[in-house]
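Once you've had a glance at the structure underneath, I'll fire off some questions.
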Amino acid sequence: MRVLYFAWLRERIGVPVEDIETSAETIEDLVLELSNRTPRYKAAFSDLSAVRCALDQNLVSFDTPLGDAREVAFFPPMTGG
Amino acid sequence: MRVLYFAWLRERIGVPVEDIETSAETIEDLVLELSNRTPRYKAAFSDLSAVRCALDQNLVSFDTPLGDAREVAFFPPMTGG
Amino acid sequence: MGVIIQKSAFDVGDQINAFSQNHTKMGAIATFTGIVRDNDNETLKAMEIEHYPGMAEKAISEIVQTAMKRWSLGDALVIHRHGTLEPGEVIMMVATAAIHRKDAFEAAEFLMDYLKSRAPFWKKEITKEAVTWVPSKQNDEDALDRW
Amino acid sequence: MGVIIQKSAFDVGDQINAFSQNHTKMGAIATFTGIVRDNDNETLKAMEIEHYPGMAEKAISEIVQTAMKRWSLGDALVIHRHGTLEPGEVIMMVATAAIHRKDAFEAAEFLMDYLKSRAPFWKKEITKEAVTWVPSKQNDEDALDRW
């Protein structure tokens, strides 16, 4: 599965995109898995209230099952317009 | 005093502007005076709910005293924009 | 602040670009353009717009000044045409510049609502069948209650 | 209906003119333009706009489709830039065409409110003193409650 990071999450983690193998059921599980990798990930996901996520380019909540999605993205609240 | 008419009031009365002598106290008095001139004026002022008036280019109500105003105008409700 | 009453056509895009470039400290520009639209039967030949010279400039200037006081605006512009216009021609435009979008939008809507029933202009529709003065609309009058 | 996400600058006036000329049956065109504005200390050097390619087009298209269903619109256009912009440069614009001004205005405001906090763009301010990600604003989130 492809994981994308944007804005300060991208900067904190240090990569914009990575392909990973995971057996996580939900996005929450995936976040936990990623957080345990390195301190950079832990720091990036330390306050989930400041993080939004999208599954296959749809904004969703963290308890959403990954299902057979191909792409998950993490980013701060959007500031478009 | 100069009297101006716009839109269908101008068409019904037949002139866009005229200079008149009047001793009317208020716009209402002036309307009564004008209405008594000819059937054209009478017809134009027959339904005052469809007429608006301005004194020296300020929208006012019919009971406004003419004072030393130089210009009074009669017209239908405005349709700008 | 600008109020222009004119017979001749004007380029909306050029006006909006010039207006925006004057206000680079303002992050938000809202505009409205009114266009002569054909009726459902496509029989409109022309729209004649009569105005009260002098009072038109005065009334619109007062409306614009009220908007400038009520909202936090950097600038506002109103251009309104009179004379004979064909379907598709631009009748008028409004532009507002503000730091925040809410001010820009609200002021533009306020200006439009007031222009509709408080600016001394009258519209006459010339169709293939008839010549009619456009009646004022109760909902244009009601729109003023919002402010 | 148009959604354009691009890095390059565009001419707002040209876009508005082209959009208006496509919709001569619509009497009302509302537009909004967002411009990079300098901060109070005039120290802004640039604004970097990051976006999520693919999702940006998708999210904005969905917002525009929602607007087209909810209001009586002839058309709607959104152009949003990404990349590095300087103070005074246009970030984005919205245009709506409708028969009635209320639809044009409300739909444009709805689009702006949704773009602010639901379109995947992130802004970074580069000033002489610091580099900062622009925080999301609670009142932008609150603005959605209106719809």
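Letters A, B, C and D mark the chains as written, and numbering starts fresh at 1 in each.
Throughout what follows, contacts are C-beta pairs under 8 Å (C-beta built on N, C-alpha and C of every residue); 3 or more make two chains touch, one makes a residue touch a chain.
It should be emphasised that the depicted structure is a prediction, and the values quoted were computed from it without experimental measurement.
Among the remaining chains, none touches chain A as well as chain D. Chain A and chain C, compared by their mean Cα positions, are separated by 48 Å. The distance from the centre of chain B to the centre of chain C, each centre being the mean of the chain's C-alpha atoms, comes to 26 Å. Shown for chain D are the residues in touch with two or more other chains, namely 34, 101, 112.
For chain B, residues that reach two or more other chains under the stated contact definition are 81.
Annotation, chain-chain contacts: A-D, B-C, C-D (touch as defined at the top). For chain A in complex with chain D, the residues that touch the partner chain are 4, 6-8, 10, 54, 57, 59, 73, 75-81.
Across the interface of their complex, chain D is touched by residues 11-17, 20-21, 24-38, 87-88, 90, 99, 101-102, 104-105, 108-109, 112, 143 of chain C.
On chain C, the positions that touch chain B within their shared complex are 34, 50, 52, 54-55, 58-59, 80, 91-92, 112, 115-124, 133-136, 140-141.
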